[in-house]
Amino acid sequence: MSDAPETPDPEVRDPETRHPETRHPETRHPETRRAIEAVLTAATEPVEPRLLAELLELPVTTIEAVCDELAAAYDDERRGFMLARVAGGYRFQTHPDLAPYVERYVLEGQHSRLSVPALETLAIVAYKQPISRGQVSAIRGVNVEATMTTLLQRGYVEEIGRDPGPGQAVLYGTTTSFLERLGLHSLHDLPPLGDFVPDASVVEALERGLRVSDTPAAATPESLAE
Amino acid sequence: MSDAPETPDPEVRDPETRHPETRHPETRHPETRRAIEAVLTAATEPVEPRLLAELLELPVTTIEAVCDELAAAYDDERRGFMLARVAGGYRFQTHPDLAPYVERYVLEGQHSRLSVPALETLAIVAYKQPISRGQVSAIRGVNVEATMTTLLQRGYVEEIGRDPGPGQAVLYGTTTSFLERLGLHSLHDLPPLGDFVPDASVVEALERGLRVSDTPAAATPESLAE
Amino acid sequence: MPYEVRTPVFEGPFDLLLHLILRQEVELWEVSLSAIVDGYLAELERLQADASEPLDLETATEFLLIAATLVELKARRLLPGLDDAELDDELLRFEERDLLLARLLECKTFKDAAGALDALIRRADQSVPRRLGPEEPFRSLAPDPLESIAPSALRTAALRMLAAKPVPVVDIDHVAPVRASVRDAVDTVLRLLPASEPMSFRSLVAGVDHRLELVVRFLAILELYKQGMVDLVQFNNFGDLVVRRLQANEAAAALGAYDLDEWDEAPAPMAVRDAEEIRS
């Protein structure tokens, strides 16, 4: 609301008085660059390169090249905004350096934190999708009903199919909002799960803890007394 | 959120890594420029110079000077966006030159769907109005603050009264423009829910608001039974 | 070595077990299975006694499954002649122990992955996307999202929100893919087990590849043992477990009366009583 329709700013009319564009690295495609900037300014969600290509009637590769140049140029010029590739598309966003100012402006944090159980459940869905609630529960060792409902309502996970086997369990996967929330371009940008496999010392500690025949030292009278 | 970050001095942030910014007329205030760019990128409405001045802890005149420089620079660099002063504030908007692209994007490219949470919240308000945010939250099982704000901004719902009880909760209902967009003459034209029985928790959520304001004498057998 | 559990809140059995085992790396060489089992059972009792935060059925079941496995491990360790470290490494391992280990490692992996996701989220929070959208006159050009919505869709959404919520426990979605219930496993074991010939545990679980199914089948055998329907023999230390039907009880296959259901679908108050049953 509050949006009084306004007349175009008189100062910026008059395309005749154009300056030569010798100063920008992306000058190879000056009009492409301008059009991309305009569309991304109007966008409220990441704009896919394919859509930009259609709007501008150019090949996707050209769009991607110009966007890359633009992103690098903003970075180089130390702009307060950046051109980011998120959730399959391009968007303008604030530069992380300026977070202190932006946080003060955006008074309410738009996002509430995810709880630890929610994060763990989300991690399992992200790496094991498609996956059923039952399978997530089996990995976590707890009922994940409530947590999954929260994640569904927040729009980070969604139904993406059904298990063909008996029971036809609903299978879940992560959403575009999930990628946006994490600032990732695609699922391929998740750190590999292998990075988190516990290292040898942890494995050894666990193994020792569950060893059936204790080292003699550990077989204390107390433990035998039971 | 809202833990106020300590104020970074806009002028002294890592001067080491600063690029020689000979190309920008606004070099006198590089960090101010960046901060303004960031805040305007995050803004969802025009930002008054006075607010920018508060956020950046600088005089309004400095803010206005830097914004003027920025606007001129964008114009000079033939950006696809421009910094415009409208409705008493500054905002980024698309350059009129690029109107054809923006128009096509808005008409064809934008996915203007109603999100599932928005649809569900709207449905509850439509069928159960007048209703408070708290009651909607109780039925949906999540906080609906943000979703309700979106619906209010879109003009689908509005305040239609106050709960007479002690809390004086704001009560919401749907608007005439909601009906128009659905192609309905009145609320009576909403498809009837039929003879289905609402869940006990829903009944409870709807009664809660009333019960708070009820005098003991008004307590119904049902509510006493709980 | 007194283990008092200073709790953070343990959300599930793996949380608890990981905590008990990994709580102090200094004590790595002193970690004893006994102490872990005792700590685990103590915490389980505390959780069950905590009326303010009742365990849901699935979680309680999982806690008990792990408790049963731990108690079984401890029982084996207390058998004489088991502290031969060479045998531990070289001879056959106990499936249930390895299963538990595998599940703990998996759980730990995802805990750490969750930490990484959190870090990504925190980083992403440093940037705010542009959301102002197009200015006028473009804004009015955008089709109103409501225009693509039929009134019937609104009705459907209202019904979905206002209608009775499904009771989670009855939802078989989360049971089906695992396909493991102790009751079914008991039937399977009885079917597989010849009347007169003993059979090794390995053969009884041949072809079972899901961890939980293995655990459940093992529990089924423990159940049968507890009821006196089978005998368990181990010919060598760490040798395969041999399961033999007890002739006297063969006729008593009228097992249905026994409340096996408690493993699978009993109402929540099962907790304390069952813990004792398992340990007895």
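The chains carry the letters A, B and C, assigned in the order they are written, with residues numbered from 1 in each.
By our rule, contacts are C-beta pairs under 8 Å (C-beta built on N, C-alpha and C of every residue); 3 or more make two chains touch, one makes a residue touch a chain.
From a predicted model like this one, the values you see are computed outputs, not experimental measurements.
Trainee: So how do the chains connect up here, line, ring, star, complete, or something else (other)?
Mentor: Contact map by chain: complete.
Trainee: By C-alpha centroid distance to the whole-protein centroid, which chain wins?
Mentor: Of all chains shown, the one whose C-alpha centre lies nearest the global C-alpha mean is A.
Trainee: Among the chains, which is located farthest from subunit C on the basis of C-alpha centroids?
Mentor: Ranked by distance of C-alpha centres from subunit C, the top chain is B.
Trainee: Using Cα averages as centroids, what's the distance between subunit A and subunit B in whole Å?
Mentor: 22
Trainee: Using CA atom averages as chain centres, what separation in Å is found between subunit A and subunit C?
Mentor: Taking the mean C-alpha position of each chain, the two centres sit 31 Å apart.
Trainee: Taking the mean of the C-alpha atoms as each chain's centre, how many Å separate subunit B from subunit C?
Mentor: That pair's centroid distance is 43 Å.
Trainee: What positions in subunit A touch 2 or more of the other chains?
Mentor: Within subunit A, the residues that touch at least two other chains are 3-4, 6, 41-44, 81, 92-95, 99, 102, 106, 109-110.
Trainee: Can you list every residue of subunit C that touches 2 or more other chains, as numbers and ranges?
Mentor: Residue numbers touching two or more other chains: 128, 130-132, 134-135, 138-139.
Trainee: Over in the complex, which subunit A residues touch subunit C? Could you list them?
Mentor: Within the complex, subunit A contacts subunit C at residues 3-6, 40-44, 46, 81-82, 84, 86, 91-96, 99, 102, 106, 109-111, 114, 116-117, 119-120, 122-124, 126-127, 132-135, 137-143, 145, 163, 165-170, 180-184, 191, 193, 195-198, 201-220, 222-224, 226.
Trainee: Where on subunit B is subunit C touching in the complex?
Mentor: 41-45, 86, 91-94, 99, 102-103, 105-107, 110, 112-114, 119-120, 122-124, 126-128, 139-140, 154, 156, 178, 181-184, 189-193, 196-202
Trainee: Please output the residues of subunit B touching subunit A within their complex, sorted ascending.
Mentor: 1-2, 4-8, 13, 18-19, 21, 23-24, 30, 33-39, 41-43, 45, 47, 51, 55-56, 71, 75-82, 84-87, 92-98, 101-102, 104-106, 108-111, 115-117, 140-143, 146, 153, 155
Trainee: List the residues on subunit C that touch subunit B in their complex, please.
Mentor: Touching subunit B from subunit C are residues 128, 130-132, 134-135, 138-139, 141-149, 151-155, 157-165.
Trainee: Can you name the residues of subunit C that touch subunit A in the complex?
Mentor: 1, 11-15, 18, 20-22, 25, 28-36, 38, 56-59, 62, 66, 73, 76-78, 82-85, 87-88, 94, 97, 100-101, 103-118, 120-121, 123-139, 168, 171-179, 211-212, 238
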